[in-house]
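Here it is: the structure, laid out below.
Which chain is which? They are A, B and C, in the order written, and residues in each are numbered from 1.
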Amino acid sequence: MSAVVTAGLTVVVDYGLCNVDSMVRALEECGAREVERTRDPRLVARADRIVLPGVGTFAAAMRNLREWHLLDVIREASARGNVPFLGACLGMQLMATRGTEGGASGETEGIGLVSGDVVRLEPTELNERLPHIGWNEVDARVDSALFAGLSAGSDFYFVHSYHLRLSQTADEAARTPYCGGFTAAIEARDKPVFGTQFHPEKSQRNGFALIRNFLAV
Amino acid sequence: MIRFCSRCLYPDSKPDLWFDARGVCSACIGFEQRKEVDWEERRREFIAVTDRYRSKGGSNYDCVVPVSGGKDSTYQVVRLLQEGLNPLCVTAMTDSLSEIGRRNLENISKLGVDHIEITLNPVVRRRINRLALTEIGDISWPEHVAIFTVPVRIATQLRVPMLVWGENSQNEYGGPAAAQENNVLDRRWLEEFGGLLGLRVSDLVGLGGITGRDLIQYSYPSDNDLKSTGITGIFLGYYFPWDGYQNALIAQGYGFETLPTMVEGSLANYENLDNYQTGIHDYFKYLKFGFGRATDIANNHIRRGRLSREDAVSMVKRHDGKFPWTYLGRSIAEILREIDMTVDEFMAVCDRFTNKRLFKADNRGKPVRDREGNLVPVFELK
Amino acid sequence: MLKTRIIPTLLFKNVGLVKGKEFDSGRRVGAALQSIRVYNLREVDELVFLDIAATPSGARPDFREIDELADNCFMPMTVGGGVKSLDDIRDLLAVGADKVAINSAAVETPELVRAGANEFGSQCIVVSIDVRHGADGKAEVFTHCGTRSTGRDAVSWAKRVEELGAGEILLTSIERDGMMAGYDVELVRDVAAAVNVPVIASGGCGNYGHMASVLANTRASALAAASIFHFTEQTPREAKRHLAGLGHRVRLAT
C-alpha cells in the first residue's frame, strides 16, 4: 500500500493485556518492513524503533513490564537517545512518571520517558461522558513532526478514561477539547519520544498518515 | 455444523433460506405452493397488467426486457412475442463475453425485436471486478448491479413504463415469504435480494481512481425519474410456470445454442455460457457457503421430479465446488489476466474468503487443498 | 467535540451472518468477512460483532474466527457472544477486539464486569443489555439472546453495571429489533439519562430519520443498526451526511 518502505527493526512491545496485531498490521501497511511483536527483552534491546500499544490498566501493564524484564531495556533504549518511541493510548500514558489507575496503593511508577502524571479525566460539561469513546478532533502544534501533512482538527479514535498531565507543556504535540481539554499527543523536545492518547492504528486514513510520519523520523 | 434440506440439497448456510419443522427449505416450500397456482388465472392477470402498461397506439415499445442472451432471456422474448407484445430488448454487456454468448445474443435479435446493447467502460469494469473479488469475494458484483440498473435507466429515458424480468430468484432459491409473493421489482428488492452483498455503488467512489462519472450506468435512476415515468417491473415467472430446463428446450427451438459438454462445476450445458468469469463467481459461493452451481441445478431437477435426491447427491459431490482451473474451456490464468491478477494472488483471495467452519484448515488457519487444488469439506452432503 | 458514532452490527451464527426480527435470527445474510471488508471501504466509525450462537450453546468465543476477522478489520471493533471469564476477555483482546461486550454473564456473575474493568480498564468493557417490555409496561432485561427473563428493570440494571465498572452500554430493544420502524426512543432516553457512561442505542433503525429522532430526544452517544445496512441502499456514510445536515456532530471521513 505504502510507497515508502521503512527499513530497520520495529518492535511492538506485547505486555500481555491487549491486541498487538492491529498495531503490527498498521505499521506494516504504512511501510515498516521488519515488524516484530514481542515480550523478549533481547529483541527490544536491539530494536531500531519501539512501539508501546495500549489497552489495559496502568498498574497491570507496569507489573507485566517489570516482571518480564522489559522495563529496564526500554529505559536503556531511551537513554541511548537514537531509538524513536511511539506510545499509543495506555502506551503513551506508561511513558509518564506516575499513574493512578488500578494500583492498590493508588499510585504506580511509570517508565518515566516524559515528566507527568496520569490522572482521570473530569467532565466539565453536562454531556461529557466517561470513558471518552469515539472520534474526536485533535489540534496539533504547527511544527509537530507526527502531524505533518494532517489538517488541523482531524478526527482520531479515542477510548480511554485517563489522560497524561505533562509537567512541561513543551512536550505537548496536540490537544483535544474534551473534559476541559487534555493532551492528545506528545512529542518530546529533546529526544525522539512520541505518544498519542488516541489509537492511530484504529484511526483509518488519519491514523496511518501519523504512523507514516513516525516511521519517517 | 450445517444441515441440508430433506428434499433438495440446499444447506442452511445459504443466505436467505429458512427451514420448516420438517426440515424442508423455503425454496422447496415455495415450489410446492406454486403447484397450487391457477396458471390460467395468472395468465389473465398478465394480460390485464400488460394491457394497462403497454403502449397505446404503438408509438413506443410495450415493455423493456433485459436480455443476457441466455436460455431464460431467449424464452422471455419468445413468450412476450407470443403474447403479442412489442418488447425492446436491452443488454447490459456481461463482464467477459464468450464466443457462444455472442452468438446467442445475435440470436435474440433474430427473433424479431429491436435490441440495445450497452457496453460499460471496460477499463473501469475490470477495476470493479478486481475490487469486488478482493473485497467482498464476488467478481460478478458489477454485473449484478448493471443488469438491474441499465435496463431501468433505458426504460426511464425512453419512457417505457414496464420492465419484464424473468424469475424472482427468491422463488426458486428460497427467501423470505413476503419476497416470494412479491411480483414487482423495485430498488429495495435490488438492494435486498439482488446479491449485492452489502456493497453499494456509492462505496466505489474514490477507490482505485474510480469517480462518480465512471458509475453513471451503475446508478439507479432517481426516485423522481422513476415516478415521472411510472415504471413497474414485473416477474414473468409470477405469471407463467418457470423451469430453467424447459426454458432451455424452448430457447433451443428458437436457435439458442448450447455447449457439447457440461459447463465446468455445473450439471448443465445450457446455462451460464456467456461470461468467462462465472466460474470464479460460482466457486466463491461454494467456499463461502459450501454449495455451488451444481447444487442449484440439481435442486431444480429434484423439485420437478427429474432427478432423485440420491442421484443428485452423488452428481453434486462429483462436480460442485471444484477449483475453477478452466471455465468454458479457458484457463484461469487467462481469465484472471483480464483483471490483472495472478493465480497465486487469486489463491490468496480464495483462502481469505474460505469459510473455515466448512472446510479443513491447517493449524495456522490456512485452508487445506487436495492434489487437484480442491478444498476439503468438513461437512458431508447426504 | 466528540462525534456521534454510527455503528453497523454484525450478528454471527454458526457459519455466517444472520439478521432477523425480534431476536429471531433465522435469516442468513451472508459471510462475515465480506461485510467487514465493505465497512473498511466505508471507513465506518466502529463495528459491533456478536456471536449469538455462543452463549445458548455454552461455547467459548471462537477466537480463531475473530482473529481472522480482526486481521481484516481496520475499524475499532467490539466483540461479544459467549464471554464468561477474564480469560475470555483477555483472549478476545489479544486476537484483536478493541472492546468486549458482556451480556448474559454480567447478569449471572456481575463480578466479572468489575474484574474485567480492573484488569483491562473500563474503556474496553461494554455491557450489552437486551430489553423487552412486559405486559405491565416495565422495561425488563433479558439474557441468552432474549430468551431468559431476569426480572431486572433496564434503568436500574444499567446503573448497576456502571457502578461495577462497565465503560459503555449497548442497549438493544428486543421488540424493535429488525422491524425497521424506529428505535425505542423512550428506553434510550431513560437509560442514557440514568448513567454517565456512553450508551449505544440499538434495535429498530429503518431510516436516517429514526437516527435523528434518537439524537434529538436522548443523550445516546452512538447509534447501532443492522437491517438498514443489510437490506437497503442506505449506508453509514449517507446517514452521517443526513445527520450533519441536521446539525449533529458526526465524523465525515474525507
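Here is the rule we go by: contacts are C-beta pairs under 8 Å (C-beta built on N, C-alpha and C of every residue); 3 or more make two chains touch, one makes a residue touch a chain.
All of these numbers come straight from a predicted model, not from anything done at the bench.
J.: Which neighbours do chain B and chain C have in common?
T.: Correct list: empty, since no chain touches both.
J.: Specify the chain most distant from chain A by Cα centroid.
T.: B
J.: Of the chains shown, whose Cα mean is nearest the mean of all protein Cα atoms?
T.: C
J.: Let me have the rounded angstrom distance from the C-alpha centre of chain B over to the C-alpha centre of chain C, please.
T.: Between these chains, centre-to-centre, one finds 34 Å.
J.: Averaging only over C-alpha atoms, locate the centres of chain A and chain C and give their separation in whole Å.
T.: Computed from C-alpha means, the inter-chain centre distance equals 28 Å.
J.: Cα centroid separation between chain A and chain B, in whole Å?
T.: 50
J.: Going through chain C residue by residue, note those that touch at least 2 other chains and give them in order.
T.: 67
J.: Among the residues of chain B, which are close enough to touch at least two other chains?
T.: none
J.: What part of chain C is in contact with chain A in the complex they form?
T.: Listed in rising order, the residues are 1-5, 43, 45-46, 67, 70-71, 74-76, 90, 93-99, 118-124, 167-168, 196-198, 219, 221-222, 251, 253-254.
J.: Report the residues of chain C in contact with chain B in the complex, numbered from low to high.
T.: 14-16, 26-31, 33-35, 37-38, 40-42, 64-65, 67-68, 72, 229-233, 235, 237-238
J.: Which residues of chain A touch chain C in their complex?
T.: 17-22, 25-26, 55-57, 60, 90, 101-102, 123, 127-137, 155, 157, 159-161, 177-178, 199, 202, 204-205
J.: Please name which positions on chain B make contact with chain C in the complex.
T.: The contact residues of chain B facing chain C are 1-2, 12-18, 135-138, 176, 187-188, 191-192, 197-200, 202-203, 207, 220, 288-290, 352-353, 355-358, 365.
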